[in-house]
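Accompanying notes for the structure given below.
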Amino acid sequence: MENQEIQKIVESWSDKLEFSEEGSEFLNVTVPAEELHEICLKLKDTPELKFDYLFCLTGIDWGAELGVIYHLESTEYRHNIVVKVKTADREDPKLDSVNDIWRTAEFHEMEVFDFFGIRFNNHPNLKRLFLTPDWEGYPLRKDYVDEENMVIK
Amino acid sequence: MSYFSDIYNGIKTLLTGMRVTGGHFVRIRSENITQLYPDNRDTLQMFERFRGEVVMPHDENNEHRCTGCQSCEIACPNGSIEIIWDRQVDPATGKKKKMIDKHIYHLSMCTMCGLCISACPTDAIVWAQNYENAVYDRSALTKVLNQPGSKLKAGIEE
Amino acid sequence: MEQLTNNKIKTEEYFINMGPQHPAAHGVLRLLLTIDGEIIKNVDPDLGYIHRSIEKMCERDSYQQIVHLTDRMDYLSSHINNGAVCLAVEKALQLEVTDRVKVIRTIFDELTRIASHLLWWGVMGMDLGALTTYFYAFRDREMINDIFEETCGARLTMNYYIPGGLMFDLHPNFVNRVKKFLVDIKEHLPEYDRLLTGNVIFQKRTKGIGMLSKEDAISYGVTGPVARGSGVHCDVRKTHPYHAYDRVNFEEALLPEGDTFSRYKVRIKEMWESISIVEQLIDNIPEGDIKVPTKAVIKLPKGEFYQRVETARGELGVYINSTGTKNPYRLKFRSPGFSNLSVLNHISKGGKIGDLVAIMASFDFVIPDIDR
Amino acid sequence: MMNIPLSITTTIHDWLFSIMPEGAATITEWVLIAVAYLALFAVAGLYLVLLERKVAAWFQFRLGPNRVGPWGIFQTIADALKLVSKEIYSNQKVDKFLFNLAPYFVIVASLMAMAVFPFSKQFQGFDINIGVFFLFAVSSIGVIGLLVGGWASNNKYSLIGAMRSGLQTISYELSVGLSILTMVLLTGTLQLSEIIEVQRTGGWLIFQGHIPAVIAFMIFMIAGTAETNRAPFDLVEAESELGAGFHTEYSGMQFAYFFLAEFINMFIIASIAVVLFFGGWLSPFGITEGITWFPEVLWFVIKVFMIILLMMWFRWTFPRLRVDQLLTLEWKYLLPINMVNLVLMAVIIWLNFTL
């Protein structure tokens, strides 16, 4: 399915979505944090879309806000969409977990929590996966400083 | 009935496997792949492109090709190359120009990625095929690549 | 029945740490197992024992330098990892590499895949107790390593692909060596089948163990031979062709059973397919340049770039978020091992310790790839 | 003319009794015999380890040990010296008494079994009339050592290994016993020397008993491999599952005892097989029958090595079984076949169909 058709379907679900194709090969849709779970569920369950394969889940620090990028693909139709979600709260960022929609998100969300400190609601086992439990700070954030271990060139 | 055919097939597959290993067992003289390493040092030849360590070749007049442009230092991802350079008067032309004082190479930090060598515009550094890099003291892995008293070969900078 | 449930013998579940130092962990994977006798109740992976923050390092490195970091992720398919970053950068720069580069990259990718699968085959046998397989596989892998060493100068961490092409041209011996290797491997693979695949103990150990359904495989984001063993059509070489895969004939190895044995068969079949791909390309490597000149400092345009490749373990994704500078703003590696690991708990529950070892062997984990 | 080993022992015997009172001489003789046996089996164990490493290497395109001495023949001796000099280390929470006791259980059980073997006509420590029975009983004591060691180590991996060893030995004891019983049916005696005498006239038992004897031999080899905890039945150690199983926590000489015991057990199983199926020290077709100076013990050793080679071949070819498959194999396959085989053997003897 072409990007325009996908956009047409998704647009009808909510009026708070922002679409963009600039600087990317995929259709990007920015979703407000409170609608994330609902939109994701629809993306998977709508028979024409069937985005059943979450192939990449990236945490990102945009400077002012933290966010997560979901790369979705349909294994049946082979079309893609990129869902972006942002949260402005850097102290205690919270987003909804999508691990009940795509099970692979369980581990990827743990990774995002570990590196960006984004807490996911309804996540079954949110723990520091790579770093030690008492690690201070979230290393992939842009404002993270560690004078001992980081070599800045 | 499948009980007996299971036994039969099981024994058959086991014997097939034993034939494979047994075949290699009796042919061990021609098939063995062991290299008797410290004994074959004299004959052991590495491939010509093998990345052992970075060296700076010098010719018979103790001249190298490094202009001190620092391309390798910038290209290195790990900071394993440090160039200490100086502006000195070139005796041939009488002008001041950039000359290397020390080309320091930390083998201990090197990941053998080869970016420095492809970055070098004058082919001053190349790979050596030396594979025995174990030393007793870490400081021995910090090497100065240009030999003492060496100078830049004439005509490289153009 | 009443008496049975009320009897005095109490059993208790207990924890054991499988790893980080464990022969079956293939590195430093730590699994917290909850066990009832020999039956596995829960598997909780604990990672990070070889985490080197490659993604953070990428944010400070230039694009040429990033390539060599990917060698250290999945070290068994380092060429393919290099290719992923190079392709992403080339896609961003809209750089079209020459045909020669494409074909050479394809050959190297496939040789890497054979080498990786050979090592996996040896380790699979070893995990199940047949130690001899390891040496048989290494004998052949050694030939591939020699091929690589002659051309690239390295055996494991290659860094041979660079954005825009290849670091240097093929060695003159390359074609002959590959042809000789192809003859040898075609002799040896059937022997491997006789030794291990047919073995009744091996089949009993793997058939029906670790069942993974197609739906679960997709939902858990499982890719590579593991997913194809469950019948998921997910070969990136087919779905999103890159390099020269669109001009070679090969079959995607798909088996519907979804057990450990079908994953095993998929990998064996992939080796044959890789051999056939190399055979198709080795005789007609086109002439041409080996690199398209790029600037010394590569600056990517502003935007987001995503490149997927098929490594020996599954789909590797490289996500580059660029703000137009010489370093990526954010670079994410979607590593196949990490997603595959997430399904381990789901499929090994209820099995025995021996089953868990067999399942892990069939997943072919490379821990640096999971930890990054 | 007497056999050379025997003439030496006779000389020593006479000499001892000439310089000492009778009681002291007897005790000295016992001690000497014990020391001789101990030394013999330490050396045999060590060289079996070397053989195993060499054979494994040859199965795997390698050369094997080749650094210490010519062709590496002193390699295992060097290893043993290293192990002797190592600290015996245990973690804090082990049950000290049991932990230290376990290796001796294992090694003593193995050595005791050695006493009754008829290496040649004269070279036999102790020829009791229930020889087979004794062998069988003593060789299964070893498992207590494994259980105790695994339990006392206070390590979950060791415990799993120990439990597996218990279950494995108890199951496979049956098959070993029944297959021995099948052969005893043919010989009509339990005394090892007599079992060999039976074969001197009637041919080796595996030919005498033909079909049931061959089946019994196969079952004996499978069950015997399982008894010694060797691959494909090495669930007790199962290095890819349990690390090192029951001896994870052992170090130094205590570990070496477990290790040697495994190889001596292999020697025992092979020896039983040789005595019961291949005529013990008898030469094939009686080719050295008339040559009095020929050391008959050589035939025994050659045959034992052939059987050991077979067991090593198993080990370096097959994958390991899973714990439930191990039991399935025993209770669903080996045991019923063995029972039927026993009846078959009885029928054959009854109808006088033996060769």
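For reference, chains read A, B, C and D in written order, and residue numbers begin at 1 within each chain.
FYI, contacts are C-beta pairs under 8 Å (C-beta built on N, C-alpha and C of every residue); 3 or more make two chains touch, one makes a residue touch a chain.
Just so it is clear, the structure is predicted and the values come from calculations on it, not from any experiment.
Peer 1: Going only through chains that touch each other, how many steps at minimum separate chain A from chain D?
Peer 2: Counted as steps through touching chains, the separation is 2.
Peer 1: If you tally contacting C-beta pairs, which pair wins, B-D or C-D?
Peer 2: C-D
Peer 1: Just grab the chain with the largest centre-to-centre distance to chain B, centres being mean Cα coordinates.
Peer 2: It is D.
Peer 1: Whole-Å distance, chain B centre to chain D centre, using C-alpha means?
Peer 2: Between these chains, centre-to-centre, one finds 52 Å.
Peer 1: In angstrom, rounded to a whole number, how far apart do the mean CA points of chain C and chain D lie?
Peer 2: 45
Peer 1: Taking each chain's centre as the mean position of its Cα atoms, how many Å separate chain A from chain C?
Peer 2: So the centroids are 25 Å from each other.
Peer 1: Averaging only over C-alpha atoms, locate the centres of chain B and chain C and give their separation in whole Å.
Peer 2: 26
Peer 1: Going by the contact rule already set, what residues in chain D reach two or more other chains?
Peer 2: 59-62, 316-318
Peer 1: Which positions in chain A are in touch with at least two other chains?
Peer 2: Residue numbers touching two or more other chains: 151, 153.
Peer 1: Which positions in chain C touch two or more other chains at once?
Peer 2: 61, 132, 139, 195-196, 199, 201, in rising order.
Peer 1: Draw the chains as points, connect those that touch, then say whether the picture is a line, ring, star, complete or other.
Peer 2: Shape = other; not a path, cycle, star or full graph.
Peer 1: Can you name every pair of chains that touch?
Peer 2: Once each pair is checked, the touching ones are A-C, B-C, B-D, C-D.
Peer 1: Quick check: in the complex, which residue numbers of chain B touch chain C?
Peer 2: Listed in rising order, the residues are 9-10, 13-14, 16-17, 19-21, 33, 47, 49-51, 71, 75, 77, 111-115, 118-119, 127.
Peer 1: In the complex formed with chain D, which residues of chain C make contact?
Peer 2: Touching chain D: residues 14, 16, 22-24, 38, 125-132, 134-136, 139, 195-196, 199, 201-202, 204-205, 352-355, 357 of chain C.
Peer 1: Touching chain B in the complex: which residues of chain D?
Peer 2: Interface residues on the chain D side: 55, 57-63, 66, 313-314, 316-318, 333.
Peer 1: Would you tell me which residues of chain B are touching chain D in their complex?
Peer 2: Within the complex, chain B touches chain D at residues 7, 14, 17-18, 20-22, 24-25, 28, 31-34, 36.
Peer 1: Under the stated contact criterion, what part of chain D meets chain C in this complex?
Peer 2: Residues 56, 59-62, 156-157, 160, 231-232, 234-235, 238-243, 316-325.
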